[in-house]
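After this come two complexes, each holding subunit A, first together with subunit B and then together with subunit C.
So, the complex of A and B:
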């Protein structure tokens, strides 16, 4: 019975139907399913399907944004008092100074949050120093940069040297977004260039070798 | 040295080349160039060739992104990515247009002619004026009789800088390589010279009669022309600020154009980083600020500009939606050149597709307005929904359009690209209305500039929400920028109006808009924007 309810939740998430998704999630919880199970069985499963669709380009921007909203809505409904406790590492996320595009960054944020990462959102048009300060202060293990304009490339190349100067050699740098994903990691001087959000998640899981920490 | 053979029916060409150069670079030095839209980075996917023989090496990553497996297996490659040191035989699939200057056939916005008989051409003292609209993709030139206001000739050609990037940022960035900036400037000066020469020689007009030239353009093009401050445009802090991009000296241009050595050359300064004098002169030519509150000017392009007059202030913004309106960035798209489908009248299983092609040529793809019609038809028939999703019956690779002798495919990604461009404009209009405290229902005029407007089916545009659904108020105004430039050339009163426009203008930066994301999402839908709905 629950499995049908989960199917309905997954469908609503993929359809980007926020109100139905929230209603289904609330029903599940009222039926005694705990939040964590709803996240794993509902949201994470939906994300898996989303990934498959995105890789074959069967999902357009509108569908991705709607699905993102539905996911955010469900998480808010399940955790009305604030975001759920993070179960994975901290990731700092930004669009760099000179780039005011933040739609892509926000999508990455939604997915990472839903996957249990702790996300430090440094916003758009973010100066390098601010990003690195925050990453250090918040103990980020990875910095994710979203780039939508090609003119941002020179700045992206400076992130790693800046981290080195500051002695923060343990932080990994990852780039993504329409303007960066065509470039190679080498030419951008970053550890990895992710083709999609899901590629980014895969990299995070592999590079830190960190399985989700079991929360109580 | 290795030899590159270009297969052209009846007359193959053989070029020797230095090993390791890209095929695009080799071709660029000849008259048989391949079309290109980026700086040879493998990003635009336009420079398609087919390898007919020889070893072209493995495709690069960018080639595998731009070309599908089917094409690759048939030997299709990107000329800018293919570098070899052995003999190679190729066919050019996507050639660059050869003759770049064309007569302008568009309807004129305004006629300044005060009548009177044409003055004998021999009279060198009879002054002529030239108006130039320097666009990112096109350059438009008209020549006018300064005494009678009569328009003598018009030409439209391609901006040769496109090969260094179709979008402004890529083009601006290309100046970072040594000597490039000077090259870009001289390319445009030269192109204008060719356009003028075409007028002079084909219309039999002595160019030495030209005593006054007025030029408008977007800020990026003006900086690249004058060679000043183009680097500032790469810094976002300048996008809403004034940028000095007036030429220091115009004597070399005058020399290159072979006009009267005493001629005055006026470049109309832009308002700010991304609000060019092309928009300002469009406001002048449409008399936007003369006729009361509620007039909207839309100039569709890669970087669409929008201006709204509320009776007191001219609210101005620019929305970079990408080149979809120019038919670029979509697998089935092409610029509104010969062979582009610019109108789709009907699409049904019984009748098939009925359409119109630019220049009456064989259809090769869809330009922006053809795309608008096609999307509207597909939505009407239920083949596509407002979210941009195809019906179940449509194959996964997209909607195939059977044309005479060939099939082109509208992919979901193409639709997505168009949706984004549309959404950017939609947000711009909505944000300006909000700034002016107005609702859609208070709009009295919607003026659409550019050839995009000329070809656009207004009903279909409203059907998919490209324009707010307010029938009867849309004016397709042709090249408003050029018309305004002519007005400034001819009339001192209109020249003063230009100053007034500048004084009344307030620039709005869309990235400062807090609810951009939800507005953008709202406008991604392919559905009508209700004209009556006031702003919330």
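So, the complex of A and C:
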């Protein structure tokens, strides 16, 4: 019975149907399933399926946003007093100074939260110093930069040297977004350029796990 | 054959003396002549003079009376944040609250925001270039303007949650585009470029395009054509192959395609539509002239023999592009003369 209920929850999440997803998650909990199981069997499975779908078919922001909203709704319903503790590393996320577009950044945030990462959102139009200060203070292991305009590229190239000056050599730097993904990791002076939000997640999982990261 | 004749021939798949070349030079024209981007997008006279100097410098086939993606939403009532060296962004959306939809009024292009400045630029460009060169205007497509009126996240959630209501936002956006596009034609542009990057399959699925956007684009292009537009030119960014089959029904006559689209795939999907594209915009900043020349040669080899092709970038050439790279693209089109 739980298996069918999980299937319904996963379907609702993939459909981006927040109210049905929340109702299914609450039903599962009322049936005695604990929150952690609902997250692993429901949310993480749905995100995996969404990732697989976006790899095979056309990736589109609308679908990801709707699924992300449904995930957020389920987490809020399961943890009304605040989100559960993150199970994975801390990621600092920003659109850099001069770039005021944050749709891409917000989608990355939603997906990372759903995957269990702790996200420090440094916002849009974020000065480099602020991003690095926050990354250091919050113990981020990765900085993700989303960029929709090419004019921020000189700033992106400064991130690694600034981290090195501060002795923060263990922090990985990722770039993505419509403008930045046109460039190579070498030309941006970052560790990786992600083609999509799921490519970003793959890199994070591989770079912090056992599997080696494929070079671009 | 002058530039305008060359482009008209390309649109109709007729023989041309060489392949027309239209780098999408917008604010790069300001950088080229030493003006700030801030001045360029606020003052029609400055914009026109920069465009005139840029075409004199490069020798390509079209100029653009085009400011930025905030122009229409500002005219409707959004507040923009301006800076000198980057395009403005929306600080407060005119349709922050959907309940204000009924109160929105289609702006008068002769009175609202910077629209009169853009019309002034169009007027100057036409007066100076007459019918020698294609004078291109620009209107935001319905999806992009809807997102500029509401903010992208609100717009997309509304589209999913209350599709009928979102349809009304799209209808309003289409009305704005028609009104502004017709005013541009009246002011001297030959064709208003319809810029709708947010209609990309990277943003919304193809079914959404079919159900929500196709009819609005059709209405927009039909109105522009009736108003005297030389051709219906559409730009949708990103991997747009899945929506190309809808372009003929929308009335598209020139399809700008982005760098991530395979040129021959675009030709196969749009056999009777003039194509323009698709050098990666960033290449104009980062690549060498040799890279640009080689890429252009590749495109010309694939698409020039079948006619109906305009050599171009896949989207706007970044303002900070290297001038020698833009020049390399123009030279590549002349290598076939």
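The working rule: the second predicted complex is superposed on the first by the 206 of 216 C-alpha atoms of A that agree within 3 Å, B and C clash if a C-alpha of one lies under 4 Å from a C-alpha of the other, contacts with A are read in each partner's own complex, and residues count from 1 in each chain.
The rule is short, and it goes like this: a contact is a pair of C-beta atoms (placed from the backbone, for glycine too) under 8 Å apart; a residue touches a chain by one contact, two chains touch by 3 or more.
Since the model is a prediction, treat every value here as computed from it, not as a measurement.
In this overlay on subunit A, subunit B clashes with subunit C.
In the superposed pair of complexes, A:151 makes contact with subunit B and with subunit C alike. Legend: residue contacts after superposition of the two complexes on their common chain; A:168 is shown touching neither subunit B nor subunit C.
Contacts of A:187 after superposition: subunit C is touched, whereas subunit B is not reached.
When the two complexes are overlaid on their common chain A, residue A:63 makes contact with subunit B and with subunit C alike. The single stretch of subunit B with clashing C-alpha atoms against subunit C, selected from 55-63, 235-243, 253-261 or 487-495, is 235-243. Shared contact residues of subunit A, touching subunit B in one structure and subunit C in the other: 58, 60-63, 65-66, 69, 98, 100-101, 103, 106, 149-151, 182.
By the touch criterion given at the top, residues 41-43, 61-62, 65, 169-170, 172-173, 234-236, 387-389, 396, 411-413, 415-416, 419-420, 511, 517, 520-521, 524-525 of subunit B touch subunit A in their complex. Across the complex, subunit C meets subunit A through its residues 81, 83, 85-87, 89, 152-153, 156-157, 159-160, 201-206, 208, 237-239, 242, 259, 280-282, 285-286, 318-320.
Those residues of subunit A that touch subunit B in the complex are listed here as 56-58, 60-63, 65-66, 69, 97-103, 106, 124-125, 149-151, 182, 184.
Residues 16, 58-63, 65-66, 69, 98, 100-101, 103, 106, 149-151, 153, 178-179, 182-183, 187 of subunit A are the ones that touch subunit C when the two sit in their complex.
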